Amino acid sequence: MIEFKDVSLTYPNGHQGLKNVNLKIEQGEMIVVVGLSGAGKSTLIRSINQLVKPTSGELMVDGKNSLAFNERDLRKMRTNIGMIFQSYNLVRRMSVLRNVLSGALGRTSTVRSLLGLFKHEDKQLALRSLDRVGIAEKAYSRADQLSGGQQQRVSIARALTQKTKVFLADEPVASLDPPTSHIVMKDLRRINREDNITMIVNLHFIDMAMEYADRIIGMRNGEVVFDGPASEVTEKTFEDIYGRPIKEDDKISEQDEDNAETETASHKEGDSV
Amino acid sequence: MTPAPKMDKIPILPRRSKLNILSILAVVAGLYIAAAYLTNAAPDRIINGLPQIVNFVFGNLIPPNWGYYDTVASSLLETWNIALLATTLSVIFCLPIAFLSASNVNPSSFLYNTVRFTMNVLRTIPDLVLAVIFVGLVGLGAMAGVYALFFFSVGILAKLISETIESIDPDPLEAIRSTGGNTFQVIWYGVMPQVLPHYISYSLYVLEINVRASVVLGFVGAGGVGLILNQQLNFFNYGNVSLIIIMTFVVVTLIDMVSIRLRERIV
Amino acid sequence: MREIEITKPKKPPMYWVKLGGIVAFIIIAYSIAFTNLDLESSFRWEQASNMLQRLVLGPFTDAAAIERIPELFMMMMETVAIAYAGVLAGSILAIPFAFFASRNIAKRGSIGGKGVLNGIRSFPELLFAIIFVSAVGIGPLAGVLAITINSVGMLGKLYSEVIESIDQKPLEALRASGAGKIQVIWYGVLPQVLPEFMSYALYRYEIDLRSATVLGMVGAGGLGAPLIIASRSREWEQVGMMLLIIIVVVTLVDILSRNIRKRIV
């Protein structure tokens, strides 16, 4: 469980990234964070594993204030949080399998990891994770020989190998084309359902957010301006969050609106059964 | 959930690349053992050598004999002069050579290949070997040093500059050719403006190299600070040796620093 | 027709001062060089052509020189070995130095690391060799030591430039998953930089093979010593033979190394 208690973050240059954020996130939720560019979505997500450190407030992770952690506690907390990045962040010259296995580094001793002696169960888990995202046969390819969508699935497998209860995903599909985006988002939702992993995902496109989220958090200027179940969200809600009318650019599908909406609706029904 | 792929041992690397890496490591290590054997420089001797070096530095080199300052200074001036003249000569003579060995300017592939080959051979001859030859040709003294360093550095400079010439933007050259310009006009108006900053910068770089190289010329009688260094070493006059080393280090570092500053400004 | 007048743009204020300074420096430097330097030469055509003839043709005609080929070749191999042992040790020792000198790894500590590497680099290699020969005695060990320390300085700098230019994103991913500093280096940095490291080490070997021949001339092992002896006694056939061996071996090594380097990166 993650709880933001009056969390604020001021960047060294004086810019306020987060302003008095209060949030409570339960285990197994599928949350999508939306907002205009610069609204503070990345800042919110990155403050959970402290890639950026909030400057005031309390950030409770499993009942403990993570902002008070020392270096060791922080590392330990990070081993329990998986992260997926917009640009995949793979070591491009390394094989897919080694990239995936690097998710297990947090629980592997330094000596073992220097020698590449991963536990058999970790290797097994790495292969199984690759299989779950459908690219087990690429295990021995170099990461840079894969397409963007495949690379993103490698990074999902890496997070799976980390054996965590929380995934953070900062715009995981922003570099992908629409069909590939859907594959990746479906993988994430399936993992959320099957493993009961909390997913916190930043997305740009409102139709995607509606399609995959259970709960939507809207941000503007570092503040949380909306927080509610996806079922309550309408286009009007987005206009409030964005502070401007919705444009075609805000959607991923180039289909006309009616079509897109019915499709979204049918997906929602399918999921809730 | 899909069943996990069944495997008893999961290799992190595919077997083939593991074999590759192992064989490369074996070759590197094998060559090292051979080299250590040939040179009598096994790691244990290196480790044993370190205290000897420390002893030598603190026992013999320190303190330096400051009274020897005048002699060293005038020798260093000679070293600098040799380097300066040699660099000047090579800066002048490298230009035609560089143009001849640039494939985008020189249309004759025969000439191109001949010049390249000659320069490649020239560059394999170590500076001190050239000094030996020129001492034989023109006798002991600074002149041999100037010649040696000239031939040593003209090859380096010509290579650097011909590479720059080959990497320039070809469009302006085409434009000048299209207006009916001849080869010299193409060079003067199309190539030179593009390579000039690199030309100056590389010239300074070669000056740095020549200053370092001219330190050693004296060992074979080609003038400069190496001459007295060799002398004092043969007399085991380590106080003087130490001062020579210190002053040479300071001068070389100063020249490097100034030259690097200038080069940063230029390019 | 009316004349068109254009005024030249004004130069920046210090322009003339700087230009004047540079010109003055150049004039002074050259006048000192020409007056101070004793540019006497005892060049005589017949003597020179005789020497060059012996130098160039000698290796192919002189029986004494041809007889020495196996011996000289082994000495060249010693030079090759000196350079190899030195560069290998240097290329490995340079790695920790490079990490300490990289801004993105050592943060503020990198200034100190860079300083150490700069210090090593600005000390001429031959002076190292002289100190080592005096300390550990005449022989190849001194040469190996000199090349080792010099290549630590050179490679350390090149390596740290490679490290500073790597893709930071995978490192962030590793840190986010709780990997420690050493694990981040091992799984995030090294895979990105190793091919470049190897390529630079090979490149360094090409250079150090040349300097290893020179080091021999101050007693640090290899072909350098017999070269000096032969030239002092004006045995130009022998000198020519040694030169030929150096040129051939250096060229072969260059070609080999260049081909490997092309494969690596």
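The first chain written gets the first letter, and so on, giving A, B and C; residue counts start at 1 in each chain.
Following the convention adopted for this analysis, a contact is a pair of C-beta atoms (placed from the backbone, for glycine too) under 8 Å apart; a residue touches a chain by one contact, two chains touch by 3 or more.
It should be emphasised that the depicted structure is a prediction, and the values quoted were computed from it without experimental measurement.
Taken together, the touching pairs cover every possible pairing of the chains. Across every pairing of chains, the maximum count of C-beta contacts belongs to B-C. In terms of their C-alpha centroids, the spacing between chain A and chain C amounts to 50 Å. With each centre defined as the average position of its C-alpha atoms, the distance from chain A to chain B rounds to 52 Å. Chain centres here are Cα means. That of chain B falls 5 Å from that of chain C. In chain B, no residue reaches two or more other chains under the touch definition. For chain A, the set of residues that touch two or more other chains comprises 98. Residues of chain B that touch chain A in their complex: 1-2, 4-5, 7, 9-10, 12-14. Partner chain B is touched in their complex by these residues of chain C: 29-30, 32-33, 36-43, 48, 51-52, 55, 77-78, 80-82, 84-85, 88-89, 122-124, 126-127, 130-132, 134-136, 139-141, 143-145, 148, 210-211, 213-214, 217-218, 221, 224, 227-228, 231, 234, 236, 239, 243, 246-247, 250-251, 254.
Of all residues in chain A, those touching chain B in their complex are 95, 97-98, 101, 116, 118, 120, 123-124, 127-128, 131-132, 136, 140, 194.
Those residues of chain B that touch chain C in the shared complex are 28, 31-32, 34-36, 38-41, 45-46, 49, 52-53, 55-57, 60-61, 77-78, 81-82, 84-85, 88, 120-121, 124-129, 132-133, 135-139, 141-144, 146, 212, 215-216, 219-220, 223, 229, 233, 238, 241, 245, 248-249, 252-253, 256. Those residues of chain A that touch chain C in the shared complex are 49, 51, 75-83, 85, 87-94, 98, 102-103, 105-106, 108, 110, 113-114, 155, 158-159, 162, 168.
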